[in-house]
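One chain, subunit A, appears in both complexes that follow, with subunit B as partner in the first and subunit C in the second.
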Partner chain A sequence: MVSKTEEAEVNRLESQADNGGGGEWEYLSLVRKLKLRRPDKVLKHGLTILNDPKKRSSLGHDEWTLYEQVAIAAMDCHCLDVAQDCIKVLQKKFPESKRVGRLEAMLLEAKGSWAEAEKAYLSLLEDNPLDQVILKRRVALTKAQGDISGAIQRLSEYLEVFMADHEAWRELAEIYVSLQMYKQAAFCYEELILSQPMIPLYHLAYADVLYTLGGLENLQTAKKYYASTIDLTGGKNNRALFGVCLCTFAVAQLTKGRYKEDKESPELQSLAAAALEKDYKLRAPSKLSLLGSTLRSLKLSS
Partner chain B sequence: MGGVSRYEIGQNAYIKLVLHALKHKTSAANGVLLGRLSGSDASPVVEVTDSVPLFHSQIGVLAPLEIALIMIEEHYGAQGLSIVGYFHANERFDDAELGNIAKNIGDHIYKNLPQAALLLLDNKKLEALSKQKEMAPVMQLFTKDASKSWKLVGSDGSSRLLLKEPSANIVLMDYISSGKWMDIIDFDDHLDDISKDWLNSELFK
Partner chain C sequence: MAEDLVLDTAIRDWVLIPLSVVMVLIGVLRYFVSKMMRSSQTPDAKIVKEGQVIIRARNLRAAANFIPLKSFRARRVYFSNEENGLLHVPKGQAPNPQAQMFSDPNMAMDMMKKNLSMIIPQTLTFAWVNFFFSGFVAAKIPFPLTQRFRSMLQNGIDLSTVDVSYVSSRSWYFLNLFGLRGLFSLILGEENATDDTQRMMQMSGFGFDPSKSLGAEKDSLDIVQHEWALPKFEQRAEAVLRKLVS
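For the complex of A and B:
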């Protein structure tokens, strides 16, 4: 996950490089550090450096890191020849390297040679059965072939060993959501919130899943987690603000006719609505009236 | 009920949906189709005059979808248009299946409009566009038949999904090569930054 300042910086470096202002290496290093996926830009700017012998040699040892980064970006862009060329260079420099072996297996994956890629990964795992990158590539391999339940199984097995891998929990949750397996997705978000309780993204995602599951208890809990998201983001998360409004409305629908004491107080919804109105007025005034009618259709009506 | 419906998709509506899918190649993407019913009883036409790209992440959670639909129905209702269908682009290139999320959203639209259209991006046709001229939209059309299940339309060769402007694919290819898909804004983008306009009103200017 990337902060707004980090994202702004990488975008700045990207347009600088795009417009011929140099700084390709700084851009590529930041992309690597933040683990961003921008394959077309990485490919373009990486090749600018690699194809220029002077620029290349000024990198020193970093040259090989760049070959690896460009190889992966090339595979992502389906420029398999470029990937192959980069890998050849690395094979020459580092024969017998496991890290290069991994790239070779990834290239097989990119070509769609599923069985060969699987074989390559398994053989790499023989010497290092706990290589997290390879274990996760096997999950990706399964998913790429369309075997989603297989991917779930492998990812779950992986998480039994590496239960602190947050990105893996997120991936599993997203797979579950795509299959509408919301209870299972909720479990993943619960794990994430337990281990990293101050990250608003997890609270928000959890609330979204609970809201989707529906039912009074889930809606009430969803509202709590939309509220905690608002808390953790200083009131700046519009998704959570909308979430609070939706939950209040949905709960009101379900509790119609019950005793007034059971009903929730409308304060939280009013505050959320006011915050939304303030933000839209400031930053999206053309949509303010649309917001108004949306909020009106969600207002508690007794 | 009358004759079998034809579906005519306008250039801007069509291009927005494909560009959106291209902007988010590594995930699924979806959108709604806006338009109206026209033609005669014997020859009904569903005109898709506009589209709104919706999401490219966590497709399957309801809250953002509900907000989007309320706003979209409100905005387009004032223009006399309504939601006439849904567009989905699968995450994987080889996946040509209409998933359950698409069907569920389709069911919801079907409640108000039995001629509701589900459009699925056809990745192979899209890829082929750069190699050969293509007059038909690079999408597969599904409608709900009498058996109440979503069926692929046109596999018998009948073309019931047509591009209103015959040059739409040429314009699309132009936009693809100029990287226009970078400018597409969807509802996800709007929720993350409300200053971003999900109507894409400046896109084709």
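For the complex of A and C:
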């Protein structure tokens, strides 16, 4: 997760580079370090550096890393000829390199020749059957072809071995949610919470999935996780506030007053409603009436 | 006898400094040779998986209070149940690692290579020091020592009345051997093959790593008591919101 200072730094460098103030190389290095995905900016600034022979030679050894970064950004923007040129340069410099082989296979993927890309990845895997990056690219290949269940299978196989890779768990969770397999998605989100319990994003996603699953126990658990998200974000996450209100309403609907109000947090929903109103007043006063009527229908506001 | 021997400055010029310089050069040479000789190890699938299992089990233990009780229990059973739990090491396999180490030709070759690259230069340099630089006092250690150290530090010197603080060049060699590690990490960057002492420590703890740590993880997982932290969060959320709204 990117920290606030790093985010500010990236934005500052980006605006500086956009306005022609130099500092492109620092921007590109920071983007590479934080693994951000901003292909258009990377492509633009990367090409300005690479096309200028003076600037290029001043980079020294980092030139090749920049070629790789620009090649990937070009593939993201579908400028395949730019990518092809970069890869050709890299090939000349590093023949027989696995990193360049991976880039070539990615180019085949970008062009849409799935079978050849698959063949290329398999040959790369022969040398090193446990190469994490190649295995993950195969999953991406299957997903890009539209074969979601194949992607799930490959990802599960990957996770059998590399079960501590939380990015992979996240991808699997999102795939399950897209297929509405919520129980499995809940499992994946639990894994994510286990590995990084202090990230509110995972609590929120888990709560969403539980709320969607429905059922009294799940709704109560979801309410608790929305509350933990509120705690972790200092009350600023509107989605969690809405979640709390909706959960309370749903629970009340299900139990129809038979179940005693849970004594743990009697005021949570009214506080959440009040916080929402305050935020809307501040940021979107025109929608305040809409919010008020919604909350009233949930019997939470007077 | 506390008289001060005056040591010829020629000793400093022709013994201490050349010895240090030679050791630094040999270290650098070893680093580059080992870099060239290093074969890319294809990691074994089983070992990688075990490493990852351990990380996942550790995460489970650390953050157990953040997930609901049912999920925690399900995962605990998955890890430590008797038939096919991930952490369960069947009794027969446990004393394997030593045999595994030697039967796997790649690993044995690698270890031999590393050992050789460590032993040969050490032996050669030591022999060289002994041959050329023996029989005289090389340096004086600034603090007093007991008589016990005499045999260790004054090896070539056959006078028994010389103060133990005056040492032979062999001890200078040993001093350099252990002390230049810091210098090498400065020159060569963090990872260098001259980290002999570290590697010696590593070798003793090598063989047992996988199965023992699995067993340890399983035991600690069995001990964990699940105490769901989420209800506490509800109250904290209330407090946060109250502050926000007021």
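Note that in this section the second predicted complex is superposed on the first by the 287 of 302 C-alpha atoms of A that agree within 3 Å, B and C clash if a C-alpha of one lies under 4 Å from a C-alpha of the other, contacts with A are read in each partner's own complex, and residues count from 1 in each chain.
Just so we're on the same page, a residue touches a chain if its C-beta (ideal position, glycine included) is under 8 Å from a C-beta of that chain, and two chains touch if they have at least 3 such contacts.
Just so you know, these numbers come straight off a predicted model, no measurement behind them.
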Under the superposition described at the top, does placing subunit B and subunit C together on subunit A give a clash or a fit? fit
Which partner chains sit in contact with A:211 here, subunit B, subunit C, both or neither? Use first/second/both/neither. first
Of the partners subunit B and subunit C, which touch A:228 in the superposed model: first, second, both, neither? second
One more residue to check, A:239. First (subunit B), second (subunit C), both or neither? first
Which superposed partner A:284 touches (first subunit B, second subunit C, both, neither): first
If we overlay the two complexes on their shared chain A, which of subunit B and subunit C does A:97 touch? Say first, second, both or neither. neither
In the overlay, answer first, second, both or neither for which of subunit B and subunit C A:161 touches. second
Angle at the Cα centre of subunit A spanned by the Cα centres of subunit C and subunit B: state it in steps of 10 degrees. 170
Between subunit B and subunit C, once the two complexes are placed on the common chain, what is the minimum CA to CA distance in Å? 16
Residues on subunit A engaged by subunit C in the complex (per definition of touch): 127-130, 160-165, 187, 190-191, 193-195, 197, 221, 223-225, 227-228, 230-231, 234-235, 244, 264-265, 267-268, 271-272, 274-275, 278
Spell out the residues on subunit B that touch subunit A in their complex, using ranges where they run on. 26, 28, 57-64, 66-67, 70-71, 74-75, 91-92, 94-95, 99-101, 104, 191-192, 194-195, 197
Where on subunit C does subunit A make contact in their complex? 42-43, 45, 48-49, 52-53, 55-56, 59-60, 62-64, 66-68, 71, 230-231, 233-238, 240-245
Listed in rising order, subunit A residues that touch subunit B in their complex are 37, 144, 146, 174, 177-180, 205, 207-209, 211-212, 238-239, 242-243, 246, 279-280, 283-284, 286-287, 290-291, 293-294, 297-298
